[in-house]
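In order of appearance the chains are A, B and C, and numbering begins at 1 in each one.
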Amino acid sequence: MALLPANPQWRSLVLLAIIIVVLGVLPWTVNNYWLRIATGALMWAGLACSWNMLGGYAGYINFGQSAFFGLGAYVTAFLMSDPFGLAFPVTIPAGMVVTALCAVIIGAPTLRLRGAYFAIATWAFAEVLIQFSSAMDFTGGIGGIGLPPYLNERFFYFAMFGAAALTYLLTWALFERSRFGLKVKALRDHEPAAEAMGINTALVKLQTFVLSAVTASVFGAIFAYWVTFINPKSVFGGDITDQMVVMVLLGGLGTLWGPAIGGVALFGVNRLIWMYWGDTAFYIAILGTAIVLVVLFLPNGIAGLFERRKQNALDKVLDKLVGSGEGGHP
Amino acid sequence: MDLFLQTLLNGLLIGGVIATFTVAFQLAFGVLHVIDFAVGGWVVLGGYLGYYITAWLGLDGFLAIPLAFVLFGALGYLIGPVLYNVRNSRTARPELMALALSFGLFTLLRGGMLTAWGFNTRNVTTALSGESLAIGPVTVPLIRVVAAVFAAAIAGGLFLFLYRTRYGLAIRATAENRHNAALMGVNIGRLSANVYGLYAGITAMAGVLMGAIYSVNPEVGLRYTLFAFFVAVLAGLGSVEGALVAALLLGVVEAFVSTYVGASYSLLAIFTTLFLVLLISPRGILRRGL
Amino acid sequence: MSGGMQPAADPILSVRGLFKHFGGIKAANGVELAVGRHEIAGLIGPNGCGKSTLFSLVSGAVMPDKGEICFDGRAVGGMSAHRIARLGLARTFQIPALFDNMTVTENLLAAAAEGHWRGASERAAETLSLLKLEHVADNRASDLSGGQQKLLEFGRAVVRQASLILLDEVTAGVHPNIRKIILEAIARLREQGVSFLVIEHDMEMVRNVCDRIIVMDSGRVVTSGAFEDIVRNSEVMQTYLGHPQ
C-alpha cells in the first residue's frame, strides 16, 4: 500500500475515488461483452444491498425479495409495451409505488410475528406472483413480455451504476449515519428492549421493508429494459432471491460493503461457471454449498475478516465532507 | 355427485400422506425452532430412492420405504445437531443463521439432484402401479389407498410414540417449552439429533409414497416445502394435532381445485390461501401456534 | 400499619385493581399501588409473587386483563410499550436486554433515539462518565462483563430522561464498586426530580435507598410503609421475607 497515503481516513477516501474513477471510465476501455458483465455485477451489488437493509440491519429474513425485483420489471415492461408505450423513466416511479403498496400489505401483518412467519409469507408471495403471472393474459403468461429494444450498453451500465451508487449512499446515510439506523439495529438486537426505549418497532420494521422492496424494484425496472424480454421465472424466480441471500451472507450480514464484496464475488463465480460449463444446475448446488459453509464457518462474512470495532475511517471522512448534522454519531 | 365424492376421497387420501411428513415437520420445528426449508428435499430424495431401487436392483418400490427411513433417518441424525448448534450459538442473530442454513441445505439438495439427475421426471414402480379400486360409485387408484393406509400407520405410530412413551413426553415437553424442558433435565441437544432424524426418515418415507402416487423430479421439492409451510401456518407453527387436520384440508382443497378449476391453478390456490391466512390470522386458523 | 407514608395526592404512578392471569397462574390479582413524585419506592416480596409481571404490565410489554394504570395523569392501561416509554417511563430488564451487536455508546444513543434526540450525544457522554463506562465506550455490549452490562442497562434508562424509572434487580450480583456507582446515580437523578420503583432482594439496599416499601405476595400488594414499620411487623417479615430481623 505504499502508493496510498498512510492516514487511514485519506486512504479510504482515495480508494473510493479510485473505484469511482475506474467504474466511470470503464465503458470506454472494455468491449461490450465485459461491459455487460460489469453491468450485471453492479446490479447484483445493488440488489444484495437492498436485501441487506432488512436482513442485515433489521434481522428479518426475506425469502421473496425476487417478488419486488419482478414487480419493478413487470410494471416497466407492461407500461412500455403496447398499448401504453410510456417512456422508460416514467415507469420506474410507477413500479416503486406498486412495490411499496405490496410491501405494506405483506409486511404490516407478518412483521409483528416471529421471523419465521415473515420468511414464509415473503417466500409465498414471490411464488404467488410466479403462478399468477404465468396464468394471466395481461402479463403474457409463461411466455412473458417483450420491451422495445434499446441497444445502448453504456446507457444501461450507467443506469445500474447510478442506481447502485444511490443504494449504497442511501444505506450509508440511513443505516450507518442516522438515528433511524440506531432504531433498526436496536430492534434487531432486542425487540422488547427497543420498545421500552420508545421505538415503534412495528413501524420501523415496515419502513425498512418498504425501502428494501422499493430499491429492488428499481433494479428490476432497469433489468427489464436492458434484457428487453422478461418472463415469470426470469424475474420472480426463487434463484434471484437465493443469490441475494448468499451474496449478503458471504460478504457480511449487516455491513455496508459486505453485499458489494459478496455480490461481485458470487456474480464472478456465476459467470465463470456459465462460461466453462454452461450449466445452471451446478450453480444452484454451489449456491447451496456456499450458504452452508458460510453459516458454519464464516458467520460474519468476508467483511467480518476485516472487522473493525471502531468507526470506519472512510465513514469519518465522508462525515466531515457531508456534515454529520443532527443525525451524526458523536 | 360421483365426481364430487371421488374428488373428496382422492383429496383425503393425498392429505393423509401429506399429514405424515407435515406432522413430523411440526415436531422438528417444536424442538429445533427452525423452519426447515429442506423438507421438500427429503421428500424428493425418498422418491428417487424408490425409483432407483427398481431401476438398479429390480425390486419393488415399496421396499424403499424402510430403507428410506434408515438412510435418511441416519442422515438427519447427523444434521440435526448442526442445526441445533447454529440455532443456539452465541454468534449474532442465531435464528436468522439457522433459517439460512436450512435454506442453504434445501438449495444444495435441489442443485445436487438437478446436477446428478437432471430435470427428467421419474416414477416409483410398485406391484400396485396401474391397479385401481372401486368403492361403490367411486374408483380410485389402488396405490393411493395403500399409501394412505401406510401413512396412517406411520402417523399412528408416531402419535403412539409421542403420547404413550416417556421419550415422546420429553419431545412434547420440549416442543411446548424448551426452557422448562431443559430445567426438567431434558438434553435438548441430543433430543434434536433424534427428532431431526425421525423427521427426515418419516419425510423420506412419505416421499417414496408420493413418488408412487405422482412422480418425482428435483423441482417438485419446492411444492412439498410449500405443503409443509401451508400446513404449519394453518395449524400454527409447532402444533402437531393441528397439522393432521390442516394436511387433510390441504389434500381436499388441492383435489377440488385440480378437478374443478384446473391443475395449473392448484399451486396458485394454495399459495394464495396460505398468504391470506398469514394476513388475516397470522398465528394460524387453529390458533395453536408458537 | 402503613403509617403516614402514603404517597402524595398526585402520584406519578397509580395502579388500581390490576389483573393478569397466565393460564391458571394469577401473576397480578388485583394490584393496588402508587408511587409519589420524587419518591423512591421499593417493591419486595418472594420470588414469583408478580413483581416482574407488574413491571411488564406497567410498561406496556404485557397487556392487563383488567384494571387501571395511570402514569403522570394519563391512563396508560393497554397502551403499547413504545407509547408509554415516550410519555416518560423507562425500565430495566431483570436479565440484561442489551443491544448486543452495538457498541456501548450506540446502546445509549439508541435509547435516546426516540424522544429527546437533541443533545443525545452529549447526554450519552455524560452518562458514560456518570457510570464510569468511558473506557469501554466503543466495545460491543455483548463483550462487557456482567456488572458492566447491568450498568449499561441502567444507563439506557438514564439517557431517556424519564420521569419514572422502573429498576428490576439492577444491583443483584454486581461488584460493590458498581453498586456504589448505581446508588450514587440514583441519588443524583432523584435530586433532579426522577421517581423510582425498585425491585430489590437486598434488604440493606432497600433500607438505604428507598423512601417507602411496597410488599407483594401472590399477585397483590399486602402492605406498604416505611422500612422500619415493615420490619417491626414481624409477621410480615416472616411470611413474606422469610427472615425476621
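Here are a few things to note about the model shown:
Here, a residue touches a chain if its C-beta (ideal position, glycine included) is under 8 Å from a C-beta of that chain, and two chains touch if they have at least 3 such contacts.
Everything numeric in this text was worked out from a predicted model, so none of it was measured.
Two chains share more touching C-beta pairs than any other pair, namely A-B.
Located most centrally within the structure is A, per distance between chain CA means and the overall CA mean.
Separating the centre of subunit A from that of subunit B, both taken as means of CA atoms, is a distance of 33 Å.
Taking each chain's centre as the average of its CA atoms, subunit A and subunit C sit 43 Å apart.
Distance between subunit B and subunit C, defined via averaged C-alpha coordinates, is recorded as 48 Å. Within subunit B, residues 92-93 each touch two or more of the remaining chains. Shared interface positions of subunit C, defined as residues touching 2 or more other chains, are 100-101.
Multi-chain contact residues of subunit A, defined as those touching 2 or more other chains: 188, 254.
Looking at the complex, you find that subunit A touches subunit B at residues 55, 59-61, 63, 105-106, 109-110, 112-117, 119-121, 123-125, 127-128, 131-132, 134-135, 188, 238, 242, 245-246, 249, 253-254, 279, 281-292, 295-296, 299-300. Taken together, the subunit A residues at the contact with subunit C in this complex read 179, 182-183, 185-186, 188-190, 192-201, 254, 309-310, 326, 328-330. Contact residues on subunit B toward subunit A in their complex (touch as defined above): 35, 82, 86, 89, 91-93, 95-97, 99-101, 103-112, 114-115, 118, 222, 226, 229, 232-233, 237, 264-265, 267-268, 271-272, 274-275, 278-280, 282-283, 290. Chain contact summary for the complex, subunit C toward subunit A: residues 59-61, 80-82, 85-86, 90-91, 93, 97-103, 105-106, 109-111, 113-115, 117-118, 120-122, 124-125, 138-140, 156, 160.
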